[in-house]
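In the two complexes below, chain A is the common chain; its partner is chain B in one and chain C in the other.
Then we have the complex of A and B:
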């Protein structure tokens, strides 16, 4: 029983980490129809910033994270202005290729700046908190989980309650109609992209004490973001959380009870859910802003 | 035009990316380590005194980019160190002639197919005489098959999976200890310390699988019961499920790992679960000072295999002792050698010794000399069996103790006793 409870705790905590990792990717895809192939590299960029602040100035990644969020928002805004905005009207494949190019430029750029050595930031929020003799709370991941909840809640509130948030949702649902009613679509896209890159950078800072930071660690994170988003629903905030927790729970429990190949089986199981979801419920398990359909715009 | 048609801009960006990442860029190092460009005069003065009769062309596909770029760079520094040493210490004697060495490098992008293609290119276009291996078993598998097909010798020290040497190849030689023996001395030492039970977790790719299979054999041979064996896919991002299960089994020691990143995950995860096994033996990572730097006290007590350390009591005619080699390497590169670099240097050195012994440059003569070799070097003894594996050199084991990484096994190489159980 203790082992099951421990696996549940691990799974939910892991889900929180995955949720904040995929949120930016999901909203960019959902609102703008852009598959951000460089997502993992933006996570790494945020993580490197946190590592740098930690290594050079001794700042805890949880303290530098808000500043990194703002900085990454600026980077996102510039990138949208210079690149994404210019290809957004083209077929989806073009923006995907552009972001693929950006991912390679970023990975190699990060290698030039930081070398290919693996890094890890140190945080005072670390180790285990004993709930009972046999059940512990992973301190870092639990902190990330609650921050993820706060960010997801904040973003959800922003999208539901503010005029700008409503404009973003309108742009996602029907771009032409949104323009007809006077929404400045370029401005909406710029803010969406900046916000999402900010959140992605923030996620990078938060995972910097948990995962290794290296220039070429991005692609597996992008793949995970892709899987969670497609499964749970494009641009859906509650979908990002729900999908990530489903994934986290599968990963954290299957390997505990299936001997030898449990970890592999967990990955197969999560992709089976993805494939089934795409076939029977293309709008995602939790309902996204749009279906996973390349022709939808 | 760019403004009107964004496709031109995309094409331009992609072209630049393709150019930047292209594996077709080659670099030639004729004894040119980084320090050459810094102008090490001592080396070039010596170099001028020797009038070489010719150049031996050696080729290597190495990872400058991609996930093995750290180890690829270490390997390259190792190869460069050998070439630099040869070219500034009288060259290689072949009969009554003296040759210098030129190494042609290509970036294999940490990709097995690219490594194999570049090996073909080195043989067909660059007409290299010999090959040195890429980094990792995954990349060496294909590259060595190309070398075998073309009857070109490949000497390597950083691809140690057993499966590579079960193919009956005649042209592949490994100076390093083979993967299945990676954990041998460490497990023997842990068993001597009183360990009775163990768990194993490994990445299900060629090298970690060979290490884990070997570990299981060594554990059983030393009377340690294996309570569970778990495999996991590469690029894993969380191992908490595996570690939760292991914690419940209460083993004395944990044996695991695949590559550097996994060491971080295992150590982190054990701490998150409040699990402190009496011993942790992690395949890749603990011998690298950078891991100790990044993980700090969390890594304290963790043991790991090492092919080579500068403190080992090995000595040979070339480079002198292990410590002297380390000193020479430090002068060349401004940093101490990790074992991947020493393995790379030893690969070049084995080739050099075989050429000098054979007195010829043809594949058959040098192969015969390699098979007959019984040499003492800074890297340890080199004596290849019929598979091409150096069976003379035992694997060392290090333990991270208060930021230091002393060798704790085998008996002949250790500088302090294993700390077991780990004091937490």
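Then we have the complex of A and C:
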């Protein structure tokens, strides 16, 4: 029983972390139809920024995270303006390949600057809190979980209530019609991209004390983002949370109950979900801004 | 019923939209071929033609959803041939779509409020909820278009006719000078067709908003339009009063083929029939 409760706690905490890790990927895909293959590299970039601030200036990643959010928003805005806007009207494969190229450039760029060594930032929020004799609460992941809830809630409120948020939802549902009612679609896309890259960088900063930071650690994160997004529905904020928690629970349960190969099996399990979700329920378990297969309408 | 929150246009009869030599090709197919069309202030013009004659493509070129390969489009004295669609919308050209494009996930009220979001709204205000003036205007339009009781329903849950009304409302929210209506009555039950007709007539008479209608319901065109333009195979076949168009031999042949029997082929005051 203790083991089960521990798996449950680990799973939910892990899920919160995955939720904020995949949110940006899901919304960019849902709103703009762009599959951001460089997602994991943006996470790493944010993590490196937090590590640098931690290593050089002694700043806790939880404190540098808001600044990294703003900085990454700027990077996202520029990238959208200079690159993504130019390919967004072409078939999806083009933007996918462009972002794939960006991911390789970023990973190798990070390697040049930071070398291939594994890094980890230090946070004062660490260790485990003993709930009972046998059950512990992972402190860093729990903190990330609550920050993730706040970011998801904030984004949800923004999309539901503000003029800009509604314009973003409109653009996601129908690009042409949004322009006809006077919405500047390029601006909506630039803001969406900036916001999502900002959130992704923030997530990178938050996980910098938890996961290993290395130039080529991006792709597994991008692939998890695929799994959660497919399960959750494109651009769905509550879906990202739900999907991420399902994934976290599965990974934690498998890791706890299957000794030895548990971690590898957990990754297999998450991709079994991806395949099953795409075959059985392509619109996602939780609905979204649009179904996975919708391109224009 | 009030429409007093909308800003009336002065019906002067001066040119509002002038398109010259518009040509649009898709691969080897010339969907619109060298078409001239104009709409004056305060006019309601019909655009008819058999299926595939290029009506919707012409609409796309006029509203800049598509870029014409040749020709020019002037709207309110400005060349809009290379303007981006949202800029054209800000100038006062609104349109609806043949396949209804309301935002299914948004409520009726939210759909209406969208239309004014980007027109002269500073970024700081976009971070807020829509202001009272916008909501008031949306409420007035809902009242005018019989949508008030559906205010908080998701647009995806509305009937076809209600969605057509909502689309009309969305196009009117931005104080347009000209509305392009693409098959406003298709899939709409007959009693609602009368309501739509009545609403178009009202905003045209009281506010001077001009309309260009693509329509298959000939009675609808005859009741509303002062002038009708006929397209066939992407080219302009005829232009004139509704009465003259319905007696036009070339138009009848376009609809029924060259060997249509003159005796039995009529366009009566209802649908086209033979």
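The rule we apply is simple: the second predicted complex is superposed on the first by the 280 of 297 C-alpha atoms of A that agree within 3 Å, B and C clash if a C-alpha of one lies under 4 Å from a C-alpha of the other, contacts with A are read in each partner's own complex, and residues count from 1 in each chain.
The working rule: a contact is a pair of C-beta atoms (placed from the backbone, for glycine too) under 8 Å apart; a residue touches a chain by one contact, two chains touch by 3 or more.
Being a predicted model, the structure only gives us computed values, none of them experimental.
J.: Of chain B and chain C, which one contacts the greater number of residues in chain A?
T.: Touching more of chain A: B.
J.: Tell me the contact category for A:251 with respect to chain B and chain C: first, second, both or neither.
T.: Only chain B; A:251 stays clear of chain C.
J.: Is A:22 contacted by the first partner chain B, the second partner chain C, both or neither?
T.: neither
J.: For A:177, decide between first (touching chain B), second (touching chain C), both and neither.
T.: second
J.: Touch test for A:266: chain B only (first), chain C only (second), both, or neither?
T.: After superposition on chain A, A:266 lies in contact with chain B alone.
J.: Looking at A:71 after the superposition, I want to know if it touches chain B, chain C, both of them or none. Which is it: first, second, both, neither?
T.: Neither partner.
J.: Is there a shared patch on chain A that both chain B and chain C touch, and which residues make it up?
T.: Shared contact residues on chain A (touching chain B in one complex, chain C in the other): none at all.
J.: Hey, which residues of chain C end up touching chain A in the complex?
T.: Listed in rising order, the residues are 63, 65, 84-86, 89-90, 94-95, 97, 99, 101, 103-106, 110, 113-119, 121, 123, 125-130, 170, 173-174.
J.: For the complex, which residues does chain A have touching chain C?
T.: Interface residues on chain A, with respect to chain C: 161-164, 166-167, 169-170, 173-174, 176-185, 289, 297.
J.: Can you check the complex and tell me which residues of chain B touch chain A?
T.: 6-7, 9-10, 13-14, 17, 20-21, 65-67, 69-70, 73, 110, 204, 228-233, 235-242, 244-245, 248, 260-261, 264-265, 268, 271-274, 290-291, 294-296
J.: Could you please specify the touching residues of chain A with respect to chain B in the complex?
T.: 2-3, 6-7, 10, 14, 86-87, 90, 94, 97-98, 101, 104-105, 108, 111, 115-120, 122, 126-128, 130, 134, 136, 138-141, 210-212, 214-217, 220-221, 224, 251-256, 259-264, 266-267
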